[in-house]
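One chain, chain A, appears in both complexes that follow, with chain B as partner in the first and chain C in the second.
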Partner chain A sequence: MFAALLAVPAFAQVDFTGEWAPLYHEDGPERLPGPELGDYTELPINAAARMAADTYDADRISVVPEYQCRPHGADYSMRGLGNLRIWQEIDQNSQKLIAFHTHMLAWDSERTIWMDGRPHPPAYAPHTWQGFSTGVWDGNMLTITTTHLKVNYLRRNGVPRSDKAIFTEHWMRHGDYLTVVTVIEDPVYLTEPLVRSDNWSLDPGQNIGIFGCEYAPEVPRPEGTVPAHLPGNNPYLREFAGWYGLPYEATRGGAETMYPEYMKKIAGEYHPPAKCSRYCKCTSLFDCNLNSK
Partner chain B sequence: MKRTLLFLAIAAASLLTTQVKVYAHHSFAATYFEDKTITIDGTLRQFLYRNPHSFVHVEAPDDKGVMQTWAVEWGAGGQLSRDGVTRESLKPGDHVIITGNPGRDPEDHRIRMQSIKRPATATAAEFNWKGVVR
Partner chain C sequence: MDNLLSRTRHQAVFVFFAAAVVCWAQPQINPDNVKLTMAHVQGSVYVLMGDGGNITVQVGKDGVAMVDTGFAPLAVKAMAEIRKLNTGPVVWIVNTHVHTDHTGGNAEIMKLGMTRESVGPPRLVAQSNVLNRMSGPQPNGAPPIPEAAWPNDEYFLPTKDFFFNSEAVIVYHVPNAHTDGDSLVFFRRSDVLSTGDIFTPEHYPIIDLARGGSVEGEIKGLNQIIDITVPAKYQEGGTMVIPGHGRLCDEADVVEYRNMVTIIRDRLVDMIHRGMTLEQVKAAKPTLDYDTQYGATSGIWTTDMFVEAAYKSLSTKTVSEK
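Coming up: the complex of A and B.
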């Protein structure tokens, strides 16, 4: 009987606790040095998202003080903004898992993923950069649903993500690797779910320091200036198509561009350069530059 | 003794290699002409050693000879410290020569640092940095 009291029911649960370093073999140029202007490929965006991106001026982040220390949201954070720490919160009395917590280097962001079955708050509850997250087990995969995210980016060339979006993650640990498949559903800017994946490697020796963002006059401009392009006036939108030999329409994104069938559609109009000249090699932070080979 | 020194060396190397400060504040391609370079030669007026990015502000003439205040984006504090750059490395008044990628808006007079050199003077040693701002 005593042994029965001590017996722990078997759950198909996984401990994600640990120090995790991001791997960049997927979408390296976008996630590291950053996406090029006008590259909306493989994003299921609508006309509203396209206009927001077309009118975006990246100088905004330096000129507008409120943008300098504006964190990326929980969804973009999982693209590997920096080193990640995950730990569990266990209720002392019941020994049940209450939550997972994450700490990300970038902006010292922390997130709680509630595992105790609590509901999400009503739609009008305050929104935050990390949102409100709950998790459920699907076998040994953790499925996390996050709502109440503040407005942020899908891609760092201005493609927006609204505060109505629902962010779903599927965490899968296999040994020392963590694969996170993410799904963003945004009724304001997306016509279909955006599915991406990112991988992390366990790094027990990593030391996450303090980010500690500091406001400063990076690029002084008159007070109240908000860099932007008026609709139709962004002169840089065709660069990307030219560099990579793509038809301009393909760079404008849309759900169609996510699927392999689209390659057949543009086969006659796609003329890649004879020799790679931009981001020819990009697998890590240290080899992903314009002229990397 | 040798074992102790070896242990300390390994521990120190581990500390350096695990402090990987990786983050992605903004897209450099969206902010700068990455396939162009510009060189300015002037006087450092301010050195902001910080996160998300350090900045140096330099008074230097533009290509028309008109004095401008250039905003030169550098690495985050963590990146610079790993390269041996501290907030004391440069001082207002230093003569500096900077090369980098020009910003897309010419009115900003903005540069992404590729290299900075302070020639040696009677009161300051030569300073050189060359690298990739991440």
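Coming up: the complex of A and C.
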């Protein structure tokens, strides 16, 4: 009897499996209607990332056919832009946990989080949108490391994330809530790790539909056209600061702007509007009232 | 005539640049210190990675086909790795361009690749400009390249194809991109495209002006790669791409690289049209957003060298347009 108990594999300290719906009480305006152009707040970006975002033209998504069905990376998917399903893969013979699998509505994205101790692929291996993920238990917290990501974005207003980034997640479950703290380290575009958190609630009744996507030329253009603003020529960069009464420099991102000490530096320059006019109670798709702009 | 003179002046300026490329192509390499890694790509196609350019290897019942042969000192070691996959004769070799990090092993592989089954030496395919440059005087007084290393099956039409190991292999000439003799090699059944140095995701593209390279040709080449490749679901996988240097890629990776070169081209053209000098352009840092990904301040191909080559390539075109 004792021997039989010893043979029971300790596969999952916490059960993450099930259907999860994203909660948007954090960063709702960025995650639901989408980020404002020129909003780089809370991002420890370097000058390269800032210039990439400043010159980004969102026409690229439609004009470049290969961008029309370009998915979010694994890191951006965890911003909770669609519902999430998690299930386990168990080895039938050993009953050990081999992997968690996730599925999200957006681009039918599926990810495997290997739990069997396998190494990450060599540097020459291809990169994918979801990358290569391995997980380890830290008590009841699952820590996941993802490498081999394709180039994607930190924020979908053109702030880039490189294919050299390492994405770390800490999954924690409290009752019917799943909290995911994410850390992105990107030697190409970040000067320090970008730490964010997202929450999900258990939603056993949800149905995740089929996404589907087929690219098609939408506008006539010469082959190889890549829409971009010339440096210094993007007319939209100051709009965000104007709408929210922020000093322009505070919207430009960078590690310095992320910490409380920065408030002293811009003291007297922040003049919030008397009445909120944009995405004022934006914590769900209905609340965001996208026509209220 | 003015345009011709202008172009000639640019070429003269780049003799030094060409010499630098040659120096990079004739390194002192101790094979014992180099690790070569053979990786399966898909279908019948593998890639051999190490110092020098990537070597594409296709194997099957008919023997071995190769794209590029790497640095000369590594040829024996490379062949030993290939023999672990297939003991048949090397029947086809395609050189994607003239630089010796891709052609240095030609002569040795031509010898080592022959077996009892061989009906002759391997067919060494390259665009005719590769043969012209290998058989002609070498820049900067470099020693001549031995005839045994020259292509023996050059082509001058836009494409050449052959059927080997149960699949069609299509060679596409890309004019005036990295050099004037660039070829893409598409293994149609395996669905693998070998690009040579038109696509080098580890650094900015090397525009070898002295050997006929140009920014516009480079962009056309990258767009041609995107035309040939077909991704699987949601822009991932499908046709796999073996770059001249660096990791395995697919179309989406090439798109990012094409976007980069195109965006920088557009910026430089704007600056040239505004009358900015090369020094003014460099001071404006037109590649700042890409430098942390593709740039370098030392080594064989620095950011400054890329900007200078691109500026001169586009200035020549701009003068021609006038």
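In this section, the second predicted complex is superposed on the first by the 269 of 293 C-alpha atoms of A that agree within 3 Å, B and C clash if a C-alpha of one lies under 4 Å from a C-alpha of the other, contacts with A are read in each partner's own complex, and residues count from 1 in each chain.
In this section, contacts are C-beta pairs under 8 Å (C-beta built on N, C-alpha and C of every residue); 3 or more make two chains touch, one makes a residue touch a chain.
Remember, predicted model here, so these are calculated numbers, not experimental data.
Of the two partner chains, chain C is the only one that A:Ala48 touches; chain B does not reach it.
Judged by the touch definition given at the top, the superposed model places A:Ile113 against neither chain B nor chain C. Of the two partner chains placed by the overlay, only chain C lies in contact with A:Ala228; chain B stays clear of it. By the touch criterion stated above, A:Ala123 is placed in contact with chain C alone, chain B being left untouched.
Look at A:Cys213: by the touch rule set out above, it reaches both chain B and chain C. Contacts of A:Cys69 after superposition on the shared chain: both chain B and chain C are touched. By the touch criterion defined above, A:Ala165 reaches neither chain B nor chain C. Applying the stated contact rule after C-alpha superposition, one finds that A:Leu178 touches neither chain B nor chain C. Of the residues of chain A, those at positions 69, 213 touch chain B in one of the two structures and chain C in the other.
Chain contact summary for the complex, chain A toward chain B: residues 21-22, 31-37, 56-59, 61-63, 68-69, 72, 79-83, 105-106, 156-158, 203, 205-207, 209, 211-214, 216, 218-221, 227, 236, 285, 289-290. Chain B contributes residues 14-15, 17-31, 34-35, 48, 50-53, 55, 69, 71, 73, 78, 103-105, 108, 110, 132, 134 to its touches with chain A in the complex.
Within the complex formed with chain A, the residues of chain C that make contact are 37, 39, 47, 49, 219-220, 222-223, 226, 231, 233-237, 240, 246-253, 255-256, 258-259, 262-263, 266-267, 270, 284, 286, 288-293.
Against chain C, the residues of chain A that register as touching in their complex are 46-49, 51-52, 55, 60, 64, 66-67, 69-71, 107-109, 122-129, 150-151, 162-164, 187-189, 213, 223-226, 228, 230-231.
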